[in-house]
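Please find the structures below.
In the two complexes below, chain A is the common chain; its partner is chain B in one and chain C in the other.
And then the complex of A and B:
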């Protein structure tokens, strides 16, 4: 039984189409070495590593209020009171004495973490439900489709705002899990649609004829073929989750004390940073968020090209 | 349960639901407005002020910007904009209602200490201070032309006395003091008190702080249920007041008032008509928005901004001034900031833990950070005005004053003595329970949350798992009243300005209510033997005439219990940096032109509005 599974795995549509290009045998000519994907990954790695390694070089305690002088500009600039930036706080400080460099070191990975956890949970649930609905069909499909359709119509931000305001303390994991509650229906629907179309394909029939169990067909036959698709969907989901998290933080509903990029923007808005010419206060977290989103977008585009050979060819 | 209270609860339910839905809606609309508040919401607000021709207005003509004064509202939004019943909890009156429409009987002048006559001309006690006689001004009329008389005053006070739920605004106070109220003649009213009260006029009728009892027109209110009546019906011209402005538009974010040229004051020679043809109160929720509106001349006065924002506004709009011409710019607000614990919720019912918190807080550092140095540490729970010095000095001399700097080691020793040890995360723990505290704070103004954040930071670095929980003003107030809080950053002992009794009485054990029931004061649920002893002294102080030489000694004696049980943890004096734009209007109150204080969200704002002159005249 096991050996039949392996052969049917080779008989996937893409595996069959690959030998058409001779270059496929060059180990460097793999679709996974997509320049957009690599650039995106590199960008995110730089942000993540600077966050993770920065902790060893910079005192992250400075990210909390009252730990540094107030309102200092970055090195080389002067604030409205004529104070010049110092190397003790190279990216400046804000009006409660939080050090901007420490805020970035702690805040960027935090925002990233929320996105990954929320998207991870949402995707896992989405994959399981989507496969079940698409492959098993019948009542299971009806129930899952109904649930996901109903959840999609709930305005998640509104519910999140209400829940957040009722909680004693919102930490990053809680926020990620809350966002994940609304992050599963879209992947469920997308994957269900893909599975439905794949269910009718030859290799699935083959596997079924060979007596493979439903579970095995779903996750050992179909799932590998959907990997790039799932990754792309995951990245899209992570982007959405980070956006939701930043949205909540910017409204002042994020974690009260844990430094986050959105929270920094919230404080900046609240304290008229724009008008006070404290561009480093709102500018740096905005820049970090922009970089994170660009990185995610590049990865998403990369996956798209991997999953869709036509796109790949047209871009080459 | 009385019929009245049942009716009130029934009435409160839809209101609460409406409030909740409204606040959700408001929160939900913010995400779209948030990215560019300055670009969208702000100019619209002013545009609408100048031409209020949308649906729902009575369609008066356009008024030029230079004839309009624009204020901001001290709220994130007005949940029930079409409710002008000032007695029901949760309704607003600082959206212009008590600054432009409803006039007070008297106004306390903070600068001279004198009580100035307004709708009343004099309010005098007998020798034993338990029979007070109020004389009204002749010729005062409501904006619908009906005369303002003793009947209106008697009707309003009687309504409060008849409220057996004591939940209407000031009903509890009136019931505590007033035995009966009666009309002597059209302009004279007698108040017979249950016991002597030398502060009867000061406390309830003279805008001592923020507001005073608003007299309502008997000819409109008679026969209405004071719990459900909204006093709003534009077809009937409601709401009405005696003031020189009438309501034109009411919405959750904006209120427009137009001048009533038939104002009694101009006819009787009390004061000429005010110069502004139109007044507007708008919501400018964030400091950024206030600052942007002020620096571009779209807001004439903001309620309170931080020093940094003020400097930024001045840099862009040099015509913006404040109380002082230089640092600290701000005016000292009479409501000192403090931290209070719910005394009936463990573990903070342990007095030593509360004392530890008081020792751990570095007030000087908090002021340096959260107030950018514009305030000063509180030495007691009282406001540090000159008139309060004798009692504050007596308390400090008796050794019950609060230190401006921290003594963290001593604080930690107290926590450890209570059986707590530091865990691996650097937080105190006992029997597997981390020592935590959630401090609720109203989120209306950046000052509140900033100040509380600093308290939280200091407690955390000493090993207490403190968390700040920002809440909308109405939820915060509700939680305090029902005891639904562990700790609160608040100003509930605010009240005294020139005598100590008022602040002290807000902790009176007679106001104690168990958790879950709505209290009108003593929100911390202080009900110990110390509270009994304290209240006995406070009651005694309450009967002494203002300025009696015994008072400071008695206050110190009573304050011992507050200090020993850490009932109130004083933090900082409050500062309000109220910016005024002189581009269109001059005559704003300043330290040099100090006809009164600059609080434009108070009932005393009538004085400011009458004093405004067009710039360039």
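And then the complex of A and C:
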């Protein structure tokens, strides 16, 4: 593979018209139209939009306790007490009268919020630190690399459990920010490695020889090439953040006043919903979270293929 | 043993201590940045979950005195660090005279046993599948089936655990719903007890393996594709070596090394994931005591158990760091 040079592009007549099409060979022949990436984005958009638009069609107050009859199954099913599901609460209710549909509508965007805030903060810090480490080098690099290498091995959930059990009241944003405390090392390492390899590459040498300033090299030459990596690390971070949030919520350490998917699972497990065969109670939030994570995985795989052409070729 | 120098070992030990110090400091610092002190927060939570707490003010004042919360912050910090370093976590609040260390001592072997088995299985299965995904001689059917299992990779282990309990323990009743051995069974070294333990551990281990093997498969596949392009592979093939020999001596041997480094990096999230699985399965490990402690507001146990897991993770990373030069002969740490 490595030795068979790709000469086909040079030999074909297409090469003659190359200068005219220099900008883009074919509008649709871009790696960004990766099927996995698109499928993942579509899946997440559907979940997010049904959460955001659902509020206009469904009463989200039903997500709080005591607003609906207890323990109703979804439409078309019968619970252990012989009650059938009704269209008033199409996805059923749980044992303190929360409507499952309303819980999903409110809970899913909350998970996104935690993911976006934690990943956004973590990634911003990561890009800044990774850039500084890779570009400045020396002592700065040593310190940043050491800190990120060390922090990345800490089981962050354990630290978050202790912190959150000490805090009086945790809201969504606080939880997201706490999660972000551990979200920077991965992007830092990734960006640093990429900056190091790019700094030594031909086009950066060219820019330096032609007298570009350090800032110009950083922001005009290197940063645009980092885009796939920044996106990929954002998605990876968001996955990790939602994972941490779900873990905390299922342990009963999540926000107490806002309905969340993990919190719903916590209540379900605490009330032995598994043994009472109330599958909709734990099953719906589990399914919703699984879909979110599958969407994120597809996006991540797509980015991988965009950033690594060898992978793209071998998957065809 | 010429690969080890005093400097290398000292450096790794330093990183080990730094990891623990950073984790412990973050735990100490962040709650103190938030408004209110930990003791009042604990009482607030108690009263919100269990009705009124009698004489809350007196309890708060007494505990503040006992935990030295009236001392200046640096004094508190030094005392806290000193206690942690001696593994002195105090007494459990929920089971009062029992020291936290005793509670942890009972749960830890279960967690370590499960973790060791599950993680080893995930690592080997994952790397094996990743390798055969790239290898040219693998039947197309197998290559098509592996990616389907990868769906599990994206799902957190806690969700896989709930799903597995429902299907295999509740609906099919093949495996027990909870616990790590039957209630009332004597803990002994007999085949009956060991088989019961294995039977109880199957689903928890399976949820960790299912969720984690795909990570190794993906990483291995990426590495294999890279190694596949190297000249020495072409040379090996041109020499007429058997394809299987090329696979395990040339391809896997080189591709697996970065995987071992990645192992150290993901260990933290593996431990976190398993703790949640143990809680869902009611497995008698650290996950269960942490959850019980959260429910009963038993802060010393929460802190002690979490800190132990952090130390164990750091220790595992240290051991891996120290064995790495033995696995990869190209790496020599003499210079450091």
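In the analysis below, the second predicted complex is superposed on the first by the 291 of 316 C-alpha atoms of A that agree within 3 Å, B and C clash if a C-alpha of one lies under 4 Å from a C-alpha of the other, contacts with A are read in each partner's own complex, and residues count from 1 in each chain.
Criterion: a residue touches a chain if its C-beta (ideal position, glycine included) is under 8 Å from a C-beta of that chain, and two chains touch if they have at least 3 such contacts.
Computed from a predicted model, the values in this text were never measured in an experiment.
Bringing the complexes onto one copy of chain A puts chain B in a clash with chain C. In the overlay built on the shared chain, the residue A:269 is in contact with chain B and with chain C.
A count of residues in chain A touched by chain B and by chain C gives the higher number to C.
When the shared chain is aligned, chain C comes close enough to touch A:279, but chain B does not.
In the superposed model, A:197 makes contact with neither chain B nor chain C. Looking at the shared chain after the overlay, A:150 reaches chain C, while chain B stays out of its contact range. In the superposition on chain A, A:294 makes contact with chain C only, not with chain B. Once chain A of one complex is fitted onto chain A of the other, the partner contacts of A:250 extend to both chain B and chain C.
In the superposed model, A:96 lies in contact with chain B only, and not with chain C.
Of 21-29, 93-101 or 255-263, the chain B stretch that intrudes into chain C once chain A is superposed is 21-29 (criterion: clashing C-alpha atoms).
Applying the stated touch rule to the two superposed structures, the overlap between the chain B and chain C interfaces on chain A comprises residues 155, 157-158, 161-162, 165, 168, 247, 250-252, 269, 274-275, 277.
Contact residues of chain B toward chain A in the complex are 24, 27-28, 30-31, 34, 37-38, 286-288, 290-292, 295, 305-306, 308-309, 311-313, 315-316, 365, 369-370, 372, 438, 443, 446, 449-450, 453-454, 456-458, 460, 467-471. Chain A contributes residues 1-3, 146-147, 149-159, 161-163, 165-168, 178, 181, 239-240, 243-244, 246-247, 250-253, 265, 269, 274-275, 277, 279, 282-283, 286, 289-290, 293-294, 296-297, 304, 308, 310-311, 314 to its touches with chain C in the complex.
By the touch criterion stated above, chain C contacts chain A in their complex at residues 15, 18-19, 22-23, 26-27, 30-31, 34-36, 38, 40-42, 44-45, 134, 150-151, 153-156, 158-159, 162-163, 165-166, 170, 177, 222, 225-226, 228-231, 234, 264-265, 267-269, 271-272, 275-276, 279-280, 290-291, 294-295, 297, 299, 302-303, 306-307, 309-310, 313-314, 317. Residue ranges of chain A in contact with chain B, taken from their complex: 64-66, 70-71, 80-81, 95-97, 155, 157-158, 161-162, 165, 168-169, 247, 250-252, 256-257, 269-277.
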